[in-house]
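Shared chain: chain A. Partners: chain B in the first complex, chain C in the second.
This part shows the complex of A and B:
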């Protein structure tokens, strides 16, 4: 079951009724059962893995809690992290590393047969593993108390709105909410439904439609010219944004209806004026997770090297971010690319600020536009590594973009027009939210008729031009 | 006065407000869905050219003696002129891009309700593999669900919730809006021209490909194989001569699981199966191809002639 499957539209209203009609003492149990039911519907066997990670995390954090020695606590923390990372490495990286190894051996004219497994990546494994690791470290650092009720911990790791693609939540935000007495609130219901509706719009109307066009380009790189590849590369970040952003909004809205506040995952990233700002607005839950659990300890460790220490920490953090996205050389390149840009910005930040102050650049519209556009261009270029499967393919795209131009591929005119329409709606919405937050209010309008019509029109647009068949969330693969 | 509903922590005013707003929203959505859906339905069936029109014509109007079924390869590989000249029979091509066996079964069921053709030719392009694609593609016949009861069981293969989804008037026309608008314009007739369903392709494939990488593991979808068998049974029952053809492809395929299954089912149903996937007239012959999967008009003419000769030998 996914958020866009029809079965979810049956499952969720039933859950809302059962959940709110159950005594608050047992609501966590309703949520836990429904979360496992939701997950089992994707592939039953993977629920065992989820259970294993929960039991391991509970066992080792309990040991940490009971232990008085810091060394012993550290040992248990490490044991758990290694243990719960093992399935992630096995499922996600085994075959990829194997393939790379076979290629290298072939290159060296060595013929060694390595075992190959047909592995299907358990959906959401990267997300719930990171949540479990975060909780383990928080317990070790005594930022979060040990959760004695294994059911609540299991719910935190398996909470169905978040399990498949995040946001990667923190124990200190979620555990108290699971324990608190909740009252059904009309405002939360309306707010949550609005968020969900816009999430569905982003996913079905924008992301999946763009996906059809972009796949037609990137699945046949050899047959497309540079103009088409450039256009596809410029559109791809929007597809990613609408896909994970849309999914995150559905997750946030679902949680809200059930009375939970989940962290925001995107904050209109394409209006960022630098890559450092971009990474504070894009996939926020992953980036803050990496900042808290990797970048901050690393920069503390390397603090004596001053700016070089920051650069080393940034490079390692983005490298890990790249590897988290996929076990290919492409994602390593992607991570390094991001690391280099953000490091460059960190090094030149002072100089840049001085220059901006000297010429009063921040007040000039052309300068803001230039910054926004160049940031977008940098991100779109880096995503070429993410969208292609091999480095050769990535360089072929870059090469074609630079040297081979021609007629733009349109494909099916209706797909192309729907892509542009959806994109335009999303862009205008983000633009007004960013710069004119009170100018055009539709969902939040004080006039009930406008509000109702806005909801209805979005539903009708989804029915009319949303991609209602097939289509998977891009981030399920991570 | 607010009445507290004890254990649920709700209050009646809030519940009333919630339900009244939900009802208002549902009514607006229902009204918009109904009116827009009806409008789309009206104009869908008023189309005079294009993809939708050809499907509607196949289902509701064709009385041709030779009927070609299949996907895009059927649509682009069988030239009506050649068939009419060689076999002296009327012809219509029901092939539609991207649609496979389910579409063909549904179409055949509908056509046989009102007309019995003399020759049924199914161009089989594979597609027995497990996967959602061909189920999703059934969306192309959703507009006929209401008026064609015989199609319903096939359409319901799309998902267990299809019946509920089809309560929406817009849903059958999802993503079809622009094609409907285009299909109602006269200009579309020349832009989207067809000759009795056949859509010719004129370019020449200028590239070379070494090989098609075979799929590592071929998971057979028994529902698709069953649908293929059902097609053959229905076609035979109608009294028509039935032929299954695997039409030419630019290069030799390394795996032939598809063809193997096709052959087995045809043998079982005693239907001739002609495999042209390895025919040397066409293999690696750029002049005859539009792309690696599709013959261009020149290739289609040569191929149609070959098929007509073979049918003639069978008939006589």
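This part shows the complex of A and C:
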């Protein structure tokens, strides 16, 4: 089951009724069973994996809790991390590593037959594995207490709004909420529904419409000129943003209706003035996870090397982030590209601040526009590695963008017009939220007629322009 | 070393690391109150503090540190 499937439209209203009618003492159980039901609907066998990760995490964190020696605690923490990472590595990287190995052996004139599996990546495996790892490390660092009720822990790892694509939540935020007594609040219901509605707009109208146009370009790179490839590359970050950002809003809204506050995953990233700022506004739950559990321990370890230690830590963190996105050379390039840019910003930060102060640049509009545009351009360039499948293809795109110009591909005029319309609505919404937060209010307007009109218009646009035939979420593949 | 002495020494470190001569530190101060205090400059600050006070932090010390007041407390404990 996914948020855009018809079965979810039946599942969620029933759950809302059952959940709020059940005594608060047993609500966690209603949520746990419905979360497993939600997950089992994708592929039943994968629920066993989810259960295994939960049991292992419970067992080792209990051992950590009972132990008095720091060395033993560290050992149990490491055991659990290695154990629960195994399925992720196996499903995600086995075939890629296998193919590379066969190629290498062939190159060495060795003919060895290796087993090949047709593996389907369990949806959400990265997300719930990361949540379980985060909890394990937090218990070790005594940032959260050990959760004695395995049911509550199982709910944290499997909570259905977050299980397929995040936001990657923290035990510190969620466990106390699962334990607290909740009462139905109409305000939460309205707020959650509004957030969900905008999430559906972003996903079905913007992301999926853009997806049709962008796929037509990137699936036929050889046939398109540089102008079209440049236009497609500039649009692709918006497709990614609307896809995962839309999904995240639906997840946040769903949780809100059930009385839970889930962390924000995007904060208008395309208004960032540097790549470092961009990574504080884009996929926030993943970036803070990587910062807390990978970058911080690494930079602490390398701190005596000062700025060089920070650069090493940044490069390793972005490389891991790249490999997490996919076991391909393209994503390694993507990680290196991002690592180099953010490291450069870290090294030159002091000089840049001095220059800005000397010429009073931060108060000049042209300077802000230049920073925003160049940050967007850098991100869009790095995503060319993510959108193409081989490194040759990536360089072909760069080459065509630089040297082969021509007429812009329009494709189906209706698709093109709907893409631009959806994109403009999303952009104007983000622009007003960023710079004029209280000037144009639609969903939050005090006037009921304007509110109702806004809801109706968005619903009509979703029904008329939205791609309603079950387009997948891009981040399901991670 | 007295708390006041630690604050004086720490102020110099903050001003150098964050490149701002007007920083005045207080117990309640957090990273949100200082421009450029992010995950990148944080370890530069920690390294300077360690060198200046001849102490060594544990990662756990840093994770549980909520504000500058707690940083001063940890420095005071480590020195004594």
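As a working rule, the second predicted complex is superposed on the first by the 468 of 478 C-alpha atoms of A that agree within 3 Å, B and C clash if a C-alpha of one lies under 4 Å from a C-alpha of the other, contacts with A are read in each partner's own complex, and residues count from 1 in each chain.
By our rule, contacts are C-beta pairs under 8 Å (C-beta built on N, C-alpha and C of every residue); 3 or more make two chains touch, one makes a residue touch a chain.
Only a predicted model underlies this, so the values are computations on that prediction, with no experimental measurement involved.
Enquirer: Identify the partner contact of A:455: answer first if only chain B is touched, second if only chain C is, both if each is, neither if none is.
Expert: First partner only.
Enquirer: Taking the superposition as given, does A:146 touch the first partner, chain B, the second, chain C, both, or neither?
Expert: A:146 contacts neither chain B nor chain C.
Enquirer: Scan A:349 for contacts with chain B and chain C and give back first, second, both or neither.
Expert: second
Enquirer: Which partner does A:303 reach: the first (chain B), the second (chain C), both, or neither?
Expert: Second partner only.
Enquirer: Looking at the overlay, does A:6 come into contact with chain B only (first), chain C only (second), both, or neither?
Expert: first
Enquirer: Look at the residues of chain A and decide whether chain B or chain C touches more of them.
Expert: The partner that reaches more residues of chain A in the superposed model: B.
Enquirer: Would you check which partner chain A:94 touches, where first means chain B only, second means chain C only, and both and neither mean what they say?
Expert: neither
Enquirer: In the superposed arrangement, what residues of chain A touch both chain B and chain C?
Expert: After superposing on chain A, no chain A residue contacts both chain B and chain C.
Enquirer: Using the touch definition from the top, list the residues of chain A that touch chain B in their complex.
Expert: On the chain A side, the touching residues are 6-7, 10, 20-21, 23-24, 118, 183-184, 186, 189-190, 223, 413-414, 417-418, 452-453, 455-457, 459-460, 463-470.
Enquirer: With touch defined as at the start, can you tell me which chain B residues reach chain A in the complex?
Expert: 7-10, 14, 17-18, 21, 24-25, 28-29, 32-33, 36, 132-133, 136, 139, 159, 161, 164-165, 168, 170-171, 173-175, 177-179, 207, 217
Enquirer: Name, in rising order, each residue of chain C that touches chain A in their complex.
Expert: Interface residues on the chain C side: 19, 36, 38-44, 46-47, 50, 59-60, 62-64.
Enquirer: Provide the residue numbers of chain A that touch chain C in the complex, in ascending order.
Expert: Residue list for chain A touching chain C: 141-143, 276, 280, 291, 295-297, 299-300, 303-304, 306-307, 309-310, 314, 346, 349-350, 353-354.
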